[in-house]
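Here the structure comes first, spelled out in C-alpha cells, and everything after it is commentary.
Letters A, B, C, D and E mark the chains as written, and numbering starts fresh at 1 in each.
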Amino acid sequence: MRISPYLALVAAGALSIPLLTHDNYVIQLLNIAILNAIVVLGLNYTTGWTGQINFGQAAFYGLGAYSTALATKFGLPWIAASFSAILVVALASLVLGLPTLRLRTHYLAMTTIGFAEIVRLIIVHWEPVTGGTSGLRDIPGIDLLGWHPQGQIQHYYIMIAVLALAVVVAARIRHSTVGRAMIATKDSEIAAEQSGVDTLRMKLLAFMIGAIYAGIAGCLYASSIRFISPDSFSGTQAVFLMTMLIVGGMGSIPGCVAGALALTILPEALRFLGQWYLVLYGLGVIGIIALLPGGLASVISVRKLRWGHPQ
Amino acid sequence: MSPAAILQARGVTRRFGGLVALDHIDLDIPRGIVQSVIGPNGSGKTTLINALSGASPADAGSIQLDSREISGLKPHRIAQLGLARTFQNIRLFANLNVLENVKVAAGCRSAESLFGIVTGNRNHRRTETAIDEAAREALHTVGLIHRADDAADQLPYAQQRLLEIARAIATKPRILLLDEPAAGMNMTESLALLETISRLKSTGITVLLVEHNVRFVMDISDRVAVLDFGKKIADGSPAEVQSNALVIEAYLGRRRRHA
Amino acid sequence: MLVSALAKRTSIQVIALGGALALWNTALEAAPASCPSPIPLGLTTALTGNLALLGTQARNGVEFAVDEINKNGGVAGKQLALTTEDTGASSTDALNAMNRIIDGKPLVIIGSMISPHVFAQTESVTKSETPFLVGATNAKVTAQNSRWLFRTHVHDGQLAELIPTYLVKSLGKTKPGIIAVADDYGLGASKGIQEALAKLNVTPVAVTSYAPSDKDMSAQLLEIKDKGADSLILFGRPADIALVMKQMGDLGIKLTTIGNSSIVAQTTLNNLSTAEADGAYAIGGMIPQPSTDPKIVDWSKQILARYKVPADNFTVAYYDTVYLLKDVIEKVGCDKAAIRDSLAATKGWKGLFIEYTADNAGDLAHTLGIYRNKGKTPEFVGPIKDTAD
Amino acid sequence: MLRVENLKVAYGHIEVLKGINFNVEAAEIVALIGSNGAGKTTTLNTISGLLRPTSGVISWKGENINRTPVEAIVASGLAHCPEGRRIFPGLTVRENLLSGTAARPNNRKAIEEDMTLVFDLFPRLKERIKQLGWSLSGGEQQMLAIGRALMSRPSLLMLDEPSLGLAPIVIDQLFDRIVELNKRTQLAVFLVEQNSAMALEIANRAFVIETGTITLSGPASELAGNPRIQEAYLGG
Amino acid sequence: MGQLIVNGLALGSIYALVALGLLMIFNTVQIVNFAQGQLLMLGAFIGISSAVTQELPIAIAWIVTMAAMALIGIVFMVLVYLPLRGRSPFLVILTTISMGIVLENLALIIWGPLPVSLPSPVHGAPLRFAGVVISMHQAFTFATLIVVLTLQFLLLTRTRFGILMQATAQDLRTARLVGIPVQRTIAVAFASGAVLSGIAGLLVAPTYLAEPTMGGSLGLKAFVVSVIGGFGSLPGAVIGGLSLGLIETFGARYISSNFRDAYAFIIMIGVLIAWPRGLFGEKTSEKV
C-alpha cells in the first residue's frame, strides 16, 4: 500500500487510545464519532462520489438502529438481527432510490428530506412497535458468538474494527470498476454513459451501499447504547452528517473519517460557547465551503493537493 | 442494407421546438474507413453524433450498428455494443487521474461482483489487470502514457482531447465517433492527431470524423458527407465534395443576388 | 386566600424564605467535614433546539437556587459549583452531555425534563453511582430499576389518571375529544388518558395530535367539534397550547377544556385574550402563577426579572430539587450512597409548594392541584393527590 | 474609434488570442472573418468586457477599457450583438427591446422613439411585438438581437455571426438592413463572420483570423478575390 | 367543511407567500434558499421588537420590518451568494442551510425561546357566513397575498426594472452583455425575497405566534410548495401554496392528524415521479 507508514501510525494511535485514557466520556464520544464516520463514509458513496444529494442518510441510520433493536428484542440472535437490519435498510434504499434517482439537485434534496420525514413520522406514531417518541429501552447488547462486550473500551475496539473494515471496503471499491464509474457519473454523467457506464445503476448502487453503511452503524448504535429514540436520527442530524462530509472533503476516505471525528468532538470541545456554538458552527461551515473547497482532506492529504478546483 | 456497412442510418430526424436540426439523414459507413461529416456551424453535426450515440436520441429514424438496431437504447448500451465517441466540448472526469479516466471506459464490459471487489479475489485481480493493461495501451496509442498519473484537468488542452480519444478507444469500439477532435489544436498537434487517426484506422476501427475544418479532413478521409441546415447535401470522395458547388456555397456563402 | 386554602387542605406549608434562612444557619453548625469545596453539581438540560424553552425554565430553577444558596453561605459552609451542559434536541447529544458531566465527578446530577434524554442517560449515571434527580414526565422514567434515579416532578401517568377522573366524575362530561402534541410528552399522556377513560367506560369521540412545529390545529379542532364532543382534553407545551386555545376562539368552538399545566402557564396566557383563556381547567403540580402568597409572587418576579422567562412548574420543581439536596447533604454529608439512601427515605420534605415523599420507584412528587383560568388569571380550585399516596 | 493593440486572451492554460491588432473607425463597416475556433467570438467578448485580456490594450474613443465594467462599456456606445442571438426566450419582442435600454436612463419617450426606429428598420418585429422570444424564427430572432443592441444607442455595433443558421435569402435581407443602417445613421459596424463572401461584400475593410492570429488584412474588395480565403476554409 | 377550506386557505396563503419570496431569489440567480423560513422568523421577531418592545404603531412596525428585511436580504446575498457564484448547487444548498442554523440560533440568543405574539394590523369581529367563521386577520392575510401577488406580477412584467430582472434570470451572461447592471438586479431580488418572507412573518406572528425555531418547518413547506408548483412559477407558487394548505387541513381532518406533515411530502414525491420538474415546470432549459 502506498501510504502504509501513515496507516500504521493511525492504526497504532487508534488502538492505543484506550491505554492512555480510561475515561468513559472520551471513549464514549469516540464511539459515537466512529459511528458517525461509518455513516459519513456511506454518504460519501452517494454524495461524495456519485454526486447525488442525500438528506436521507440519518433516516437509514435510524432504520438500521430500529430494525436491530426490534429484532433483538423480539429474540433474534444478534448476528441475525444485524443482517436483518442490513436487509431492511437495503430494501428501503431501493424503495426510495428506484423512482427518484433521476431527479436533480434541489428536487432530489427535497425528496430525500421528505423520505426521512415520513420515516420519522412512522417511528413516532407506530408507538406499540417503535416505542414512539419515548424510544426503545433495554435493547439487548452485542453478542458475537457468545461474547458480550462490556464497557466502553470493548465497544470501542469493535467500532474501530468495523470502521477499519468500512474504510478498507471503501478503498477497494474506490479503486475498482465500480468506484471509478461512480466518480465518472458525478463528473460527467453523459461522458460516463458514453464510456459504457450504466449511470442509473451506479447511482442506485451507491445509494444502496451508502444506506447499508448507515444501517450497520445504526445496528451498532442500538446495541451499544441500548437506547434509541427518533430525535437521534432527525433531519437536523442529516444536515450535520452532510456538513461532516463537506468539511472533511467530499470524495476523500480519510476526509470522511476526519470530518466525522472533528465535527463530533469539536462541539464537545466548544461546549463553553453555549448558545453561540451553533452560530459559529454555521458560520464555520459556510467559511469552509467558501474558502477550503477540498475540506480537511486537502489539508491532511499526503498526496498532491488540488486547490481551487470546486467540484 | 449493404453488408459492408458497419453503421447505417435511415431517416434520422431531430427537432428542437420548431427547429429541425436533423432532417431525414441517411448515412452508410463502410467498415474500416474514415468517414467525415463536415458542414458550417449550426448545420447539425454534433446533433448527428448525439443522435447516433444515444446522448440525445433522434425523434425518428433507424440506426443500425452491424445490423443491430441501436436507436432507443441507452447510451451505455450503445457504447458496450461498440460505438464510442468523443465530445467537442471536452468532458473528462476531473476527479480521476488520466489513467483512471481511461480505465472507466476500459472496464465498460467487465461485470465485476461487489463480493469480488471487496475480497480482492483472483477473478477481480485478473479483471483489474486486464483493465489496467487495456487502459495503458489506449494511452500509449494516443501518446499520453507518460501522463498516466496526472490529474486529468491539469493536462494542456490538446492532450485533453487526446485523452478523450484514448478513453473512447479503451471501450474497444467497432466505430469511433470523433466530434471536432482538432478544435483548439495548433498545426503540429493537428498533424499528430491525423497520424493517430490513421493508426486507429489501420487497427481496423472505423472512424466517423465530424469536423468544421474542411482542410483538416481532406487527406485522411475516405468519404466525406456534408451537412447544411440539418440536411445532407453531399456525400462522396473528398475531391468530389470539394468541388461541389452546393458545398462551396454552404461554406463561403452565396454572392448576394444584386451584387 | 387560595394558597392558605391549599396549605390547609393538603397540609402543605409553604416555606417562608426567612424561615428557610434560619434553617440553613442551624445546619451550618452541624456541617459534616467530608464535603469537597466547592461541592460539584451537574446539570444537563436543553438550551438549544426546539426544546430550548423547557430546558431553559428548568435551568433557571436550578441556577437561581444555587446562586441563592451560595449567596447565603452555601451548603454546610461550602459553595455549590454548578456545571451545566446542553443536551440539544437529540438523545445522542444528551448522552454525550451526560458523559461529560459524569466525567467531572459531580456529587449529584440533575437531569433533563425531556424523557428520551433521561432514558438515554440513565444507564451511564447508574454505572457512575451518582444520585440522579430528574423532572422528566414520562411515567416509565422511574421504572428503569435504577436505585440512583429520583424524580421531583409529577409524571404524566398521574395526570392521565386524574384528568379523565375529574372530567367524568366532577365535571360530568362523557364525550371528550383528545388533542395532544406529537412528542414524548403529549403522545405518552394521550395513551394513558385513553386507557383511563376506558376504565371509566368513556370512549373519546376523537383522538388527534399535532406535530410540535405545527401552526394550524383547526382541522383537529373541527374534527372534535364535528364528532359531537362535549369536552376537550388538551395536552401540550405552552407554545402550542396557546395556539390551540386561540384557534378554538377563532373558530367559535366552546368546549369544557381540561389539560396539563400548560393551560395555566404564564407563557400561554401571555398570548391569549381573556375570552380565549377563560374557563379552561388544568391539572398539575406546583404551578406558580395562581399563587397569591407574597413569597411566591416575589420569587416569581425575581425569576422573571433575571431570566426574562416566567417561572413554570419545572422551574419550581428544579428549584426545590436543589434545596432538597442541600438539606440532604447537610444531614448525611457528601457520600453519594448516603445521599441516595437519604433521598429514598424522603418523607414530607417541604418544598416551595408541596411536600415531597419518596415512593419505591423513586418518585417524590405526588401532589397535584386543579386550576382554572378566570379570564387570564389562573385560580386554584382544589388539590388532588395521586392514588399512589 | 476602437483600437485593439497586441491583444492576448487565454482560457486557463490555453491562449486563444495570440496578440492581435486592428482598429475600427467611425461610420466604417469592418469585417473579421475566419473559421470556427479561430478566436472571433473571443475577440468580441473581450472588447465588450465579458472576458479580460491577459495583455494588450483595448481603447475605445481614446480611453483604455480593459477593466471597464460591461454595463459602462455598453453605456458608452459600444453594443454587442452576440453569437447565437441570445434572445431572452421568456420575454416578448417588446420586452427584449426594452432590455437593451438597461444602460441608459429610463426616459419613456426617448425609448418609445428609438423603438419606432427599430420597427422602421425591421417591420416584421412590429408585427410580432407581443410574441415571446423563443417563438420567433431564426431571422426574426436575429433582427430582434440587432434591434436590442440598437436600443442602447450605440456608436459602434459589433455583430457576431449574424448569418449563422439563416437561409440565404434571409441573410440577404439582413445584410441589406445592416448596410442601410450604416449609410443612414453613420453607425460603425464591426462584423464577425464565417460567411466571408457576404461579409466582404458589405465591408469597407476586413481581417482574416486563423487560430488566434490575424493572417490577412486589407480593403474588403481586395480580399474578396484572394484565393487564400477559400484556402483558409476549404483547403487547397 | 367550509370552515376547513377557509382555514386551509389561510395556512396556504402563508405557504404561498414564503414560496413567492423563494421564487424571487430563485428566478434571478437560480438559488434555492433553504434559509427562507428563518428569514420569515426574523421578520416576525423584528415586527414584534418594533411593535411590542418599542411600542411603535403597527403600521410603522411593518415598515420598519420590511426595511430591515431588505437590508438583511442584501447581507444574505453578500454572505451566501457572492462567495459561491458558479459553485455546485449542492454546496449552495448546504450554505443556505448553514445560514438557517446561524439565524435560528442568533434569534434564540437575541429574543430567547419564549413564543410571543404580534398584534394584527386589523381588528374587528370575525366575518360569518353560513356557519363559517373568517377572522379579520385571515381576511387580511388573503388580501395581502393577493396584493403581493399583483404587485409582484406588475413589477416583473410592467416595469422596465422587472423586465431586466426577468432577463437576468433567463440568461445572466447575455443580461450583462446588453448592459443590465446584474449585481444591482440580484441585490434587489435578494432584498425583495427577504421582504416577502418578512411579510409572511408579520402575518404569521399574530395567529401562529413567533419563536426562533418556527422557520424550519415553514421554510420546508415553502419548498414543497415550490416543488409541487414548479420552481420559478408565479401561479405555481400560489396554487401550490393554497393547495398544500388544503391538503394538510383535509388530510388531518379526514385521514389522520398524526401524519399531517407526511401528506405534503408524499404528494410532492408523487408529483416529482410523474413530472420531474413540478406541475408548472421550471422555466430554465437544460442543454445536453
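Simple rule for what comes next: a contact is a pair of C-beta atoms (placed from the backbone, for glycine too) under 8 Å apart; a residue touches a chain by one contact, two chains touch by 3 or more.
Please read these numbers as outputs of a predicted model, since none were measured by experiment.
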{"item": "Fewest hops from chain C to chain E - one hop per pair of touching chains", "value": "1"}
{"item": "From chain E, the most remote chain by mean C-alpha position", "value": "B"}
{"item": "Euclidean distance of C-alpha centroids - chain A vs chain C, Å", "value": "37"}
{"item": "Inter-centroid spacing, chain D versus chain A (mean Cα positions, whole Å)", "value": "54"}
{"item": "Chain D and chain E: spacing of chain centres that average the CA atoms, whole Å", "value": "42"}
{"item": "Whole-Å separation of chain centres (CA-atom averages), chain B against chain D", "value": "33"}
{"item": "Two or more partner chains touched - positions in chain A", "value": "124-125, 190, 275, 278, 311"}
{"item": "Contacts with two or more other chains, residues of chain E listed in rising order", "value": "105, 108, 258, 261, 288"}
{"item": "Shared interface positions of chain C, touching two or more other chains", "value": "48-49, 182, 209"}
{"item": "Complex contacts: residues of chain E adjacent to chain D", "value": "160, 163-164, 166-167, 170-171, 173-181, 283, 285"}
{"item": "Chain A residues touching chain B - in the complex, by the definition given at the top", "value": "169, 172-173, 176-178, 180-181, 183-184, 186-188, 190-199, 205, 209, 251, 306, 309, 311"}
{"item": "Complex interface listing, chain B residues touching chain D", "value": "17-19, 40-42, 156-157, 180, 183-184, 186-187, 212-216, 218, 229, 242, 248-249, 251-257, 259"}
{"item": "Residue numbers on chain A that touch chain C, as the complex places them", "value": "23-26, 28-29, 32, 124-125, 127, 132-135, 137, 225-229, 231-232, 234, 236-237, 268, 271, 274-275, 277-278"}
{"item": "Chain A partner contacts - residues on chain E that touch it in the complex", "value": "32, 79-80, 83-84, 86-91, 93-95, 97-102, 104-106, 108-109, 220, 223-224, 227, 231, 258-259, 261-262, 264-266, 268-269, 272-273, 276-277, 288"}
